[in-house]
Structure formats: C-alpha cells, structure tokens
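Presented sequentially are two complexes of chain A, the first with chain B as partner and the second with chain C.
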Partner chain A sequence: MSVLSVPPARPAPPRLAPPGLVRALWLEFKRSAMPYLLPPLAVYFYYDAIRTADGYAPVWPLRTSVVSHLVFYFSVVGGGLAAWVGAREGHRKTADLLATTPRAAWSRLSVALAGTLCWVLLAFLSFAAVLYVQTALQATWGGPPLWPVSVGAATVTMATVTGFTCGAVFPGRFTAPLIVLGLTVLFEIGFRESELVRVSPAGRAPSGNHALPSPGGVPLQVSVFHDLSYGTYALLSPLHSPPAVDAGVYYRVAPDLSIVQVMFMGGIAVALFGLLGLAAGLRAPGSAGGWPARLVAVVLVACGVAASWTGFTLAGTAQRDAVTGGWEIPALHSAASDQPVAATPDCTAAGSFQVCVAPALSFDLRAVAAELDPVAAEIAGLPGAPTRAEEVATMNGGKTVMARISGNPPVFEFTTDHVDAVDTQPDGNSDLTGWRTGFPQGLLDAFLAGPSPAAGLTPAQQAVGDALLAAVGAQPVAQVPGPLQPLSASAAAQRTEVAAAAQRFEALPAGTRHAWLATHLAALRSGKITAAQLP
Partner chain B sequence: MNVDMRDTHRSFGKNRAVAGVDLQLGTGVFGLLGPNGAGKTSLLRMLATVLPPTSGEIRLLGRDPRGAAARREIRRRLGYLPQSLGYYPSFTVVEFIEYFALLKEMPSSAIPGAVAAAVERVDLGAKARAKLRTLSGGMLRRVGIAQAIVNNPDLLLLDEPTAGLDPEQRVHFRGLLRSLGGNSTVVVSTHLVEDVGTACSEVALMSAGRIVFRGTPDELTARGAGHEVGDAPLERGYSAVLAEARS
Partner chain C sequence: MTAADTLTPARFPGAPAWMAGRLPAGFRLTWLHLRTRRVPAGIVALAVCGAGLRAALHWNSSSDPQQFPMIVEAGAAAVIAVTTHGPFGEVERATGRWLPSLRLLGAVGMCGLAILALQLGVTGASLNEGILVLARNVIGFAGLGLACSLVTGGLLAWVLPLGYMAFCQYALTEAWSAPWTWPARPPADRGGWIAAMTVLAVALLAYTLRGPRTRPSDNA
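What follows is the complex of A and B.
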C-alpha cells in the first residue's frame, strides 16, 4: 500500500472541544442519580442541621459550624455515589464499547466525575445556603464567614474524587458500600479525636462545692474546654464541636487552620484525580491518551501529594493562639487576625445602670439587662457598686476571662457565657435556670468579694449575696437543684449557718440593708464580719 | 483497503484465540461465520483496536493502530457493536447515541442530525425519548447498532447484530447493512447464516482461530453440495467446510 492510497484523515475537531465536553457533562449531570438522593438528604438536613443550628445563638461562627454536619453526610453520600458512577463501566460492561472511542479514558472518566461532583457540590452549597439564610435572618451583626463552606467544599470534593477513583480502579458491586463505610469511619475517627469535652460548672463554691479557681476574679458560668487529643489528623478533620460563642465576635477567627484543611483535602483530591488518569491508562492502554496525558497525570499526583503533605506538616505546627485561644499556624498566621474586632456595643439603660453587649449578641441584651438591673438597683450607690455592665470576650491573652468589677467608675465585666446558657447544652438540654441564677449572682459575688478577692467568698459574703438575690426574687446557685457533690458535715453546718444569716438579712427592710452595707461593706469584703454578725 | 491483517495471532495465556489470520477487506459487507470459540469475537476486538495482536500486523483504514495518533483517527471512523452491549439504563435512546457521538469526537454541530438519522435508520423514532431501562432486548440491540453507525463509520464491526431482533427487524437490518456496505467496510460476525446469505457480499468461516474458508455466499453454498448436515443450502456449506477443517 502506497502512501497515496491512505485515505485522508477526517478533519479532526479541536481537542477538548468545549461544546462536546460541555454537552457530555450535561448528559452526565442530567442522568445522575443524585436527584433521587436529595429528598432523604433534605429530610435529614432539616432534622439534623437546621434544628441544631436553630438551637444555637444566631452568631455567625457558631451557626456556620453546623456546616460540618453537611460535610459529613455529603461526603459520605457523594463518595458512595461517585464510587458507583466510577465503577459503572465495569458493572455495566460498557468498557469494550467505550474503549473503541477516540476520547481518552481519563477524559471520559473526568466528565463522569465532573457530572457527579457538580451535583454533590451544588447540593452541598444549596443546603449550606439555607443555613446561611436562616442565620442571616436572625443574626444581629456580622457577615457570613466563607471558610467553613470552603473547607466543606474541599472535603466533599476530596470524598467524591476518592469514591470515583476507587470505583474506577476497583469496579465491583461492593465498592460503593465499602466507600460509604470507609468514609464514615474516617470521619468518625477524626471527629472523635477532635471532640471537645465541655464542662460547665457554675458559680461559686460555698462549701467544697463545684468551685473553679478564680485567681483573677469570681468565676461566672465558666465553660472549660479540655483538649482530649489534638493529633494532626484531628486538626485536619473538618468535623468538630461548635466553637465558643464569642469566636469571631471580639476577635477575628484566624483562617490558618481552614487554609491548611483546604490544602490537605484539595491536595488529596488533585492527587487522586491524577491517579485516576494513570489508572485509566493502565487499565486501557489503548485509551491512555498518550504520553502528554500521562505526564499531566504524574504532575497532578506530585502536586497533590506535595500540597497535601504541606498541609499535614503545617497542621503539625499548630499552636494555641496566645491572644484569642484559637489555633494558629505560625507559617500562615497574620497578626491582623489577633486584632480585636472594632464594633460599637449595643447598650440599654434602666435608670442609671447601663448594660452593654457586643452587637453580635444584642439579641440577648434585654434578657441580660432584665437579670442584672434588679441586683444593680439593690447595691446602687454603695462603694464599688458598678454603674455599668459590659460584656467582654471569654478569652483574653490566651486565658479564660472571669467576671469581675474593675475601673473607676466601676464596671461589671461579664463574659459571653450567658449566650451559651441560653444555647442548648451538650446533653441537649437548655440551662436557662442555671443562667438566671448564676448570672446576677456573678455581679453580686464580684461586688461583695471586692477588688482583690481571696480564693472564695466568706460565709458572711455568701449570706449577704444570697439575701440580696432572694430580695430580687432570684435563687442562689447553691440552692438550685443540680448534680452537686455530697457535702461534708462541716460544710453542711456552714451552709445552714449561711442560710440562717441570709434569711435574717433578707428580712430587713431594703433601706436598712442598704444602710448596713454602706457602713459595713469594707469590713465585709475584708472578711472581718462573720455570718453570725449579720443583722 | 480498509482492513489489512497479516499473520495475526492473539493468545490468552496458552489459549490461541486467533492463529495466523490474513485478511484484506475493502468496501462491502463481509460476513464472519464460525462456531463458538472459533475466534470471531477476538478478531473483531482486534479490528476494533480494543485488543492488540500478540503478533502479526494490522493496518486499519490505512493506519497502524499501534500509534496513539493513528489509533485515535481510526476510532473516529470506526463503529463497533460488541456481542454484549453494555448500557446506562437511565439514559434515553437519543442521549445514549448522542453520548457515543460525543465520545467519537464528532463535530458538535453535526451531532443532532446524525443522532436523529441513526435513530431513524434503526426504526426507533417512536422510542427516541424512552429510557433504555424500558426497552426490550431487541430494541436495545437496535440502539447498539445506532450508536455504531452514528458517525457514519468507514469501518463498521458488528458482533451478533441480529441477536434478539424479530424477523421483520432482521429483514430491515439486512437492508441497512447493504446500504452501509456501499461505501464502508462492514464486518458482521454472526451465527445466523441466512443473514450472511442475503446481506454479505463476501464471507469467511473461522475455526480454531483460523480462516478456513473465504469466498462469496454462493461459493459457500456450493461447498455444501452432497453434504447432509444442515437444513438450508448455506448451512450445508457451512457444515461441510467445518467438517473438512476438523478432519
């Protein structure tokens, strides 16, 4: 056969002609099984994410932490669906037929992957948008943070690409269920490792009760976060417990960890996509797409591994931020993240006592003022009595902030735990009662303990505090039913003595109480007055 | 010459599926007959560039399919219907055919017309929007034929194309084959000798990986003279040649 007898080649369309690929993508998108999975996902979304978010205070960082719920089930469902689609050439027995088409196997598989990924991402972003709209309608300050969605999108993409690649490489009927199971286990391990245990004992400890050390003041409904284990994997896990309520309210939430998570997840996704190209070439050498495709695949694998490894290494250098208490990655950290958020507090004043909260928490202002105003009125005009209550961050300089009275004129500084109290507790129950008693009591404790408090209140101080609380219709924390430790005999006797003194003091006319306090406040604060000496 | 195979072998382990086949084909309909395991499907898969030969030379449409660029060009001009058609049940008839037209890198503007024409040629116009999961076996076979011819191929390879078709559709299909063979090379592998007799201009009979007969259907019929196995003349020729090859 001479060269002249070779039939002329048909004019080849431009490689990767967009219209053709776009149309193929549309066919994949149109015939995806994802729409059939959306109704059950929507039901689960409502009962899980929406209701969980509804239980949280309408503060952006807190509410958007619920995106991690979406990440979990969209990753698992997306990974499983992608595994099924990736394996379809095997279990539908179309491999031979497809191998006779000029389109490279990697290109063909990429279109199928893109069709699935588009659906999964679109659904994830739509559901996340519902959460964001719900928050936008209720939040009083701030804007939507984009990092949770970015991390979520990267994770969902990673899971989808993982599922698809596994399906394409191991096209068995059990690949998809195994991927679902594997992803569930991986996410659960990550979540368990990063889980925070929240302990929220409250108030003072009159007699060996559940007191917290209070070197800088009197603790008020303090929530303590213990890190069980913060391995690198746990830091990279997108699933985590909700952040502190004031995250992003007083200080910016540093994006360090989110950047590393996106880098890690994105790196895995890119590497696996490259691996898909190499595997497609190995499974169907005649459809490998030539050495340029293999080269691109190798480069993608190398870049993905490098990005992922860099993310993993950077996560290993994470340390607690000295200012905000959040996580910072030294190589990525910007000092600007530690700067306080500039925002004018929202204030309300009943008489001469003013109560201020951060604008993000102004939805809670009336409740806070309603609890503080009566107590403030009881001590108004006394030496050291605050004329103003101001909400402050729970973390300052890396340390937990305690409620206290400071400054001149005196200002009662309280932390944002009042929002946590309204919020659903880890056991699923609200702690409104604890908050309503502990919160005004914090003001009284700080007032009665004075500027340099000892380890705890004296029995006389406790009795006065209890009496003033009772006078405004509140119940002292010590009398609130709860999981208190058994009292020793001496502690029980002391409590009886405190209760008796409190009853005596409460029985006095308000004017008499006020006058007595004006005269004896200094002695009471210094511990020179015993419970028995109270009128 | 659209197909040029010289001393082509293909083995799977110790099993020699194709053992030294020489085959040159121009335009026309070429029937490939043979018993089960004769090597017909392996031969067709080599022609479809799915299976590389263990040894020997193949040139398709004037090109060596071992080169990536040449293989790509061959595949653009190739139509293939495998013995067992895999399909995606959620796709409609039109979408499935369009999907293959896209994979065959047809110009986007030509695809809608080509798909419509292919659907009409296999008489599936009434089912064009039906999902594949709702079609009968015979209709699915016609969908397979439609995807094979959508790019108006220069080399069309059909493995058992009439399996599952009703008699009316088989008659219709034979007419389609004749029209396609006018300017393309059509290779039809089949067990049904009547398809070969009416639609093929030339026929080959394979046994144990070799071509043991090549000629026109009339020549094959003539080989059956005096042979008693078989109901139709062509079947008697088929049986006679096979018996001779095995003896």
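What follows is the complex of A and C.
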C-alpha cells in the first residue's frame, strides 16, 4: 500500500454556518456583562417594583404604572453598560487594528450595540412580564395595557443608544460613570417636573397658538406650551406618579401621551444611531463604509431629529382631557377614548341594601359591603337613607366627583379616592385598610350633610356621625392615630364638645337613636341643632 | 558633539517644563503617579460635580431635597474610584516601592478634594442636612468604590457606588433607619457614621496594601 493507493479524502459535508453578522452578534451576546448585572437588578426589582405593586390595588393601569420603576433602572444600567461597550475599542487600543478589517466601523459598532441592546431589552421585558403575570393573577377585570411597556422599551433603547454613542465617540474612563450620572439626573428631573404638573391646580399656561395640519383639510388650532422648565419635559418623562385607583376603569386611558413619548425617545435613538455612523466615519475615514453608509447615516439623523422634534412639539400641545382628566393631544386624540367603558357592575346585597362596584374593583366588593352594611342598617328607614351604594368615576366631565346621595330611591355614590383621605401608598407596607375605612364615614357624611355638602359638617352632624360609626364598631378617619398637629384653642374646644356629644349619643339605645333621628333629621341637616342639644 | 552634550536634566513625559530638574524625585514620582491615574481630569470632574450640586440646589424645590445631593456625592465617589486605575499593571507593582504610599495619598487626597469641591459648590446655598452628611456620604461611597476596585479593577469601580446610590434613593423614600443605609440617615445618626467610616477604613487599608485589580487588557 502506498500513499497513492489511499483513496482521496471525501470533502466534508457543507455546514450550515450562520452569516458573519449573526455570528458576531451571537459572540457579543455571549460575552456581554449584562448577566452579571441581573442579580442586583433583581434585588432592585423586588424591593422597588414588586413591593410597590403589592401596595397598589390590583387594577391594570395602576399596577402597570410600576413599569416606570423598571424603566429607570434599566435605562441607567443600559446606558452605563452600553457606554462601557462602546468605549471598548478605545480601552483596548484596538481601533487602528480593527480599522484594517474589511467590515465598516459602523457595522462593527452596530453589532456591539445590538448585542448590548438585546440583553437590556430582554431583561427589561422579562422583569416587566413578571409584573404583568403578578397583576394578571390578581386583577378581576380588564387586560394588560401594552403602552407602558412600549414607552419603557423605547426609553431603555434611547438610553442604551445614547450611552453607546457617547462611549464610542468619547472612549475615556470617565464616560460610563458620567453617562450613568447624567441619565439619573435627567430621569429625576423629569419625575419631579411631572409631579409639579400633576399637583398644580392651574395646570400649564399656554404660550401661544399654532395651527397643525389635519387630514380633514382644516388646520387644527391648538394651544402650545413651550415652557421647557415646567411642562413639556414633564410630559415626555416616562417616570411619573401612579394614576388614580380607577384610572382606566370607567374611561379608557388615551394613548396620546404614550405615542408621543415613543416618538420622542425613538427619534433620539435613531438620530444617535445615525450619528454613530457619521462619527465612526470621521474617526476612521478608511473604514467609514463608503458614501452609501454615510448617506444612510445622514438620513437616519434627519429622520430621528424630525421624529423627536415632532414628538416634542406634539407634547407641547397636550391639554387636560375634559372628560377623563388625563392628558390628551388634539392631533392624536380619538373621541372614542372619551366614551365610558361598557361594563356591568358587580353587586352584592345584604338584606335590602345593595352595594355595587365596577368589575375592575370587585376584588374589594365584599370588604366594602361589610363596611357599609352596618352603617346602612343604622340609618335604614330614615328619610333620605340610601337603599343602594354604587361606585362611580372619580372624574366626571372634567370635575372631581365627591361622595353624595342622590336620586329617588336614594343611591349613595362613592368614588375610590374621595370617600377617604387616605391614599394607597407607594410602598409595600400599606394595604387597603385605610382606603376601606373611609367608606362608612363617607356614607354618613353624605347622609347627614345639609344642602351644601362642600361646606362640611356642623359639630352636631359630626357628633352624630361619629356616634353612629362608634355604634357599629368603626372609627372615624379623623380619629385614626397619625402625626400630631397643633390645634388652635377654639378647634380643640370644638373637638372636645363633639367628642362629648358623640359619646352621649352613642350611649343611647339603638331604637332611641333611630327614633330621635327620625324626628330631628331635617333640623340636624339644616344646622339648627347644636352639639349641646344632642341627647 | 559628544554624548555629554545630549545629557539634559531628566524630564518625564507629561511633566511640566518648569518642573524638570527643579523638584525632588519624590515630587516627580508623585506627579507621574497621579497623572497616570488621570487625577487632573478627575479634579476637573470633581469641580463639575460641585457645579452640578450648586445647580441642583438652585433648581431643586421639591419635598425631598436629599436626592440630588446624594446623586452628586455618589458621582464624586465614582470619580475617585475611577482614578485608582493605572496603566502599568504588574510592571509597576513589581518595581514600585512607594506604590502603597502613593495609593494612600491619591485616595485620601481625592476624598478631601471631593469634599472640598462639593462644599465650595454649595457655599452660600442651603444644603439639606449640611456639610456633615455630604462628607459622610462622599467618604462612604468612596470606600465602596475603593473596595470595588479590588475586585473589578479601577475602570469599573464606579459600578458599586452608583449602584448603591440607586438603592439608597429607594431607602431614602422609604425612610429606612438601618445604619448600612447611611446615605439616607440624618447627620446625627451615629450608626450611619460608623458604617460609612468602617467601609472607608477597611477599603482604604485593602486598597493601599493590595491595589486595584489590574488586567493587561485594561488600558485607558
């Protein structure tokens, strides 16, 4: 046997090798530092997002507002990580070496950016999915809103691209921490500005009127708010306070602001990605990728700037929705958002008193009924006593709705927010106890109040209300222990007088109380009876 | 021309011209050590932090005035942590007899400069909780940064102080009172001071003796 007698080697079957860019992307994905950052992010997620969400009522729009917490952490982490990866060629002093490769610098950097962005977005969406699954297991009505996640993904993408571009253009050791600091400060400022806009009773003052083109042909006249320090930036910020408990329950949450936020953030990301291509060409002209790549980069920058500017301008036209109380943008607003949501309320009845709530809030129906039923029994049969309690929207016609008794037969209408002064707190320590305890007092206040409920209760009405609450074992909200606040001498004397009268009235037998109320209720409501005159 | 004609006083790259041949070797060594750590740029960054803190105090009118100062304090500590990285690695370790002293000098000096820069930034402004909290937070965050540099190297040592700052922002809103959340504690909180000083002392000792982790690939 000689060498010549050995049969020629058969060629190996062709392997299905992925294209070069996919292989490079897979390498970036495998070598990313993001997995090392997932444990601390999980700690943040548990302490901040999960605990906060647990403290909220299981209503979809309220619970999914916690996604903004994730947006903050993932944007800051994504920006810092991307800045580090973007500065890699500078750290390793490999820019000159890589400039000799046939691949354009922009293409090479894009692979690194894509690998980082994939990791950050995957982690963000996974954590958001956990939040959504937790809500889905507890919510009694509605479905998962996708806009919070879309805005979050756009913001995280914007922060990651920003960090990567800064890292690639300025590959210094201070770049990554400065990006993290800068993003943190920007998000904090945005959150605070949104708080100012939210709590300001006057809203924002328009600084001019503009005409926007309308598909119908008639230009749309809108008021424009251009004050950067107080308004527009706040609306574009993805970080904001939680909405009202019943937001999205009676009226749909209009997506106007979310669309503008996605447009603004996405525009910045696209523009910076184009800028990355131009910068790569300037830093290494030999590996710029030729004029087609530069043209694409210029087009991306132009499109990104146009999208961001459009988003910014549209956000400047935002106004308070007269129906729902949310933000609407005239050029994007759909009148369908202002139509009430058709949903059959969930009701329960104990005897002749029926309690109804929106299906989204039915998780608390039994508890609310348990609070209201004893008080309703105390006043049953009295003139104007309600036979039904129904939960209504917090905002109606752009105005805040207060608890009241109306109609014939009388119906007690209450809201989630304004029956009680105790809001749900953004932490894991509070629960809905304070929220519930306000319901019976709200019913009694509405029942005992005179023709002008906004004026508040007289001392006699307050004493009767406190006595009836004490008779059913409830505690008035005003007497719930809280921070000590100094009282004036007259207020202290009045409180003492009310407490003494309430004790006297509570000590009466139930039948005597009922009979006295049946006789004197009209005088009590009109304010003709003083606390001292109570039996 | 002879070789003697070319003998000029030793002048290290980057050293100012006026310094050549005039200052003792110790000063030149210190200057070069600091320069390789980008300390001059770090001092500029600290000045920027001071200006940023001043701007935050001027602009900030919210109900939680400690949040922005905490961000800036952690930023100053991140700058200190990043300046621990040197480009020479094992070569410097093997030949640098004075390296531990230079590390100690650099870290302590940068901490002092950070506190000074931030204090100058808030001079004439109303800083919530005063200079004591500022100094305590800078010290504690810097300790975390120095400790982190032992594990990750100087270039990534900013991760721990900034990450811990983000966690303490949450602790601040939740009013946690554990000593290990010292950035969220009032100035008179003894536990907070003990925790911050302990972190700095331990981290400074370890950093002085061992130095930050170095890898041949790190070069910035």
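Basically, the second predicted complex is superposed on the first by the 433 of 535 C-alpha atoms of A that agree within 3 Å, B and C clash if a C-alpha of one lies under 4 Å from a C-alpha of the other, contacts with A are read in each partner's own complex, and residues count from 1 in each chain.
The rule we apply is simple: a contact is a pair of C-beta atoms (placed from the backbone, for glycine too) under 8 Å apart; a residue touches a chain by one contact, two chains touch by 3 or more.
None of the values given here were measured: they were computed from a predicted structure.
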Inset, instruction - Kindly classify A:W84 by the partners it touches after superposition: chain B alone (first), chain C alone (second), both, or neither? - result: second
Inset, instruction - In the overlay, answer first, second, both or neither for which of chain B and chain C A:R31 touches. - result: first
Inset, instruction - Mind working out whether A:P509 is in touch with chain B, chain C, both or neither, as first, second, both or neither? - result: neither
Legend entry - Partner chain in contact with A:R108 - chain B first, chain C second, else both or neither: first
Inset, instruction - Using the touch definition from the top, say if A:G473 reaches chain B (first), chain C (second), both or neither. - result: neither
Inset, instruction - Would you check which partner chain A:K93 touches, where first means chain B only, second means chain C only, and both and neither mean what they say? - result: both
Inset, instruction - Using the touch definition from the top, say if A:Y47 reaches chain B (first), chain C (second), both or neither. - result: second
Inset, instruction - Identify the partner contact of A:G20: answer first if only chain B is touched, second if only chain C is, both if each is, neither if none is. - result: first
Legend entry - Common interface positions of chain A, toward chain B and toward chain C: 92-93
Legend entry - Of all residues in chain B, those that touch chain A in their complex: 1-2, 4, 45, 48-50, 52, 59, 61-63, 65, 68-69, 71-73, 75-78, 80, 82, 84-88, 90-91, 95, 98-100, 102-108, 111, 147, 154
Inset, instruction - Note which residues of chain C are touching chain A in the complex, please. - result: 38, 41-42, 45, 52, 56, 59-60, 62, 67-68, 71-72, 74-75, 78-79, 82, 85, 154-156, 158-159, 162-163, 166-167, 170, 173-174, 217-220
Inset, instruction - Report the residues of chain A in contact with chain B in the complex, numbered from low to high. - result: 1, 5-7, 9-10, 12-13, 17, 19-21, 23-24, 27, 30-31, 33, 88-89, 92-103, 108, 286, 288-290
Legend entry - Contact set on chain A toward chain C in their complex: 40, 43-44, 47-48, 73, 76, 80, 84, 87, 90-93, 171-174, 176-178, 180-181, 184-185, 188-189, 192, 195, 426-427
